[in-house]
């Protein structure tokens, strides 16, 4: 049933969502802002992206976050990259893994995309008060898949 | 010393390279083909991409392969994607992890890039005689990082 | 119910699908070819792309085909462009509308993408035995939305 | 004569240009701002884009606007997307048709490009005081091709 | 007058066109092939691209060829890259300048685009019987701007 | 030795770097800002991009700047375009050559990328107090390769 997909998607989405800080970019805030012109967008994100795709077996939440970040660095869509560096941290990627993944892309996208992505990462790390050195702290407040 | 970077890069590259089948796409074959017009390309791939970047700490070989594949699916550069689905398999990603990573990108790149990438994956899996079902077999012949 | 989305998607997809010629590229053939490595892809195309998105109100089938073709010309994903020039013809776009849409993109994508897209269009028109001049003939065998 | 192309282009451009509100993004404002470093840019937009391409037969103004918007959503060039959501409204596309076209692209570009484009659409709709619900109002002040 | 733009464009185009070998990709062959579905395309290439843009002052023919090749490597549109490596050679770029320009892009586009572009360059050099070493030979048969 | 590559890269980089104005975007400022999250990025830019690639023979500094700018206009990565319009001016490209190169790309990328790039160029020219008309002034303060 469709309702099941929505609930499954919402449950999955919450594994990637930090709710303790209102300033952090989340899917729910983005959906809310588009509610008046595109009310179904939030539904598709939850039902299709999280209910159908993220809920599939075969990859961990951290692997999915890594794949997502790598694609967004390559595309250069920065607002979404900010969102998914956040979801990645919440899903259990360490700041170091995120920075290493972006750095790893230099031979594949060149420096410009990587430099812009690192600037976004720096901003997100600052907002979440994590750093390469303080990685341990972050680990504790992230939501690890059980 | 520069020589050290080359040796380190070559060692690292071999962790991603299957040498038992001459039909499989490898960096070494690509470099050889470009030897007469761009003799330094192979050196940069080994020294910079593998010696400097792939040799960094913080990600496993499988994570690096996942990041690489995700970027190439997004870019749509198919000859390189064929190469790196091969390096991913050799580095220890299972066929299922590769297919799941490509499938995961539907919400981020749309269906066209994903369908074209899956067609490339199907071709590579066929050449390497692996499949989603026969994943166990492949695991044995891949080079796992120690 | 999920079953309803699948049936709705399949019905909608058939409005864009020419079944009388086995050589024409269709979603169903693409899904079949990927069946062994990614069996859910066909389901997502039918349920999400056609059941959820194409089934929305507010645009005609021809408008949706126009939007799709414009995006694929811009992306340069040629196998998908071939598929959707076919779906566009079946949905009732005339060959002239398709050529004009591609030509219209010169100021937005430059000549290279447009020239490559016109080459794909020429191939599809030839396979379907339609042309700018024979547009009337094509109109009769296309599936117009009621 | 070249003069004819310019006049034809300017006439065509005005079918897409709202002149009653100085805050709305228009081609003329963009050309003016670049006048000192690239004085011919405005001429090329008017003569080539509008005089040669937009003046061709075979598509309505609304279809051309739809094709343009679809390409710009796919490219992610947001300042130009803002401009052409404006030209689309002026050419007679309803806010709903614009939102539906952007939403339709989810399966072809993924969510990131679509979400960013909807954010631009929301801004433009707000500046022009139109909405999905108030579509009727907008229809009246738009310039319909005769 | 429009006729003047066409003649000016055609004259300029011929400075970039090798007519002594029928196997070499040229704008005229591409236009001919699209004549039946898009008869105006050739006119726009000659009048706008070559008559308006290439005929501007401020850059040499070689600089324009360099700019064109750099954009096409970045876009990955290979048929057009093949065409413009040809126009670049005819305009007086040496094979070495072309290979160096492509190689220079590694830090800006990454290796994949560069490797694919070098493969195209190798094919063109072979068809025109030039090489990095035989650059002197090529210089003699190229059309240098006076 | 690696040290040699760093020194060679730094020397080469300084040929493209204006140090007399702290407001101008430079590689060194970008590296500094990313120092805390990605301390090796600056090293790779200097050693690989400038030490290995920019230090190659076969192209002048101005040609390398032209190639770089053309790729960045095509990619649409604006912060990097701002940086490299600056490095281009410092390497000896005139404002007119830069504007002409961007304008030349209209037939290859379409107007949107070109218009956005010209807006960046206008900003850089203003910050450096140069203009198309005042090109002579700029020439004197730029660093010409000997």
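Each chain gets a letter, A, B, C, D, E and F, in the order it is written, and its residues are counted from 1.
One rule holds for everything that comes next: a residue touches a chain if its C-beta (ideal position, glycine included) is under 8 Å from a C-beta of that chain, and two chains touch if they have at least 3 such contacts.
Listed by chain with UniProt protein names: A, B, C, D, E, F = Carboxymuconolactone decarboxylase family protein.
Given the structure is predicted, the values throughout are model-derived calculations rather than measurements.
Enquirer: In contact with chain A and with chain F at once: which chains are those? Just list them.
Expert: Chains in contact with chain A as well as chain F: B, C, D, E.
Enquirer: Which option, B-D, A-F or C-D, should count as the same interface as A-E once over half of the contact pairs match?
Expert: Residue-number overlap above half with A-E among B-D, A-F or C-D: B-D.
Enquirer: Over half shared or under half: which fits the residue numbers at the contact of copies chain B and chain C, same or different?
Expert: Copies use mostly different positions to touch.
Enquirer: In whole angstrom, what separates the CA-based centres of chain A and chain B?
Expert: Comparing mean C-alpha positions, chain B is 25 Å from chain A.
Enquirer: For chain A and chain D, what's the span in angstrom between their mean Cα positions?
Expert: 32
Enquirer: Any chance you could list the residues of chain A touching two or more other chains?
Expert: 40, 44-45, 48-49, 56, 72, 75-76, 99, 103, 105-109, 111-112
Enquirer: Sort the chain contact graph into one of these: line, ring, star, complete or other.
Expert: Contact pattern: complete, every chain touching every other.
Enquirer: Under the definition above, what is the set of chain D residues touching chain B in their complex?
Expert: Touching chain B from chain D are residues 105-112.
Enquirer: Using the touch rule from the top, collect the residues of chain C that touch chain D in their complex.
Expert: By the definition above, chain C touches chain D via 45, 48-49, 53-54, 56-59, 63-64, 66-68, 70-75, 96-97, 99-101, 103-109.
Enquirer: For the complex, give me every residue of chain F touching chain D.
Expert: Of all residues in chain F, those touching chain D are 76, 95, 99, 102-103, 106, 111-116, 118-119, 121-122, 125, 131-132.
Enquirer: Using the touch definition from the top, list the residues of chain E that touch chain D in their complex.
Expert: 1-2, 5, 40, 44, 48, 52, 56
Enquirer: Along chain B, where are the residues that touch chain E in the complex?
Expert: Answer in residue numbers: 30, 33-34, 36-38, 40-41, 44-45, 49, 72, 75-77, 79-80.
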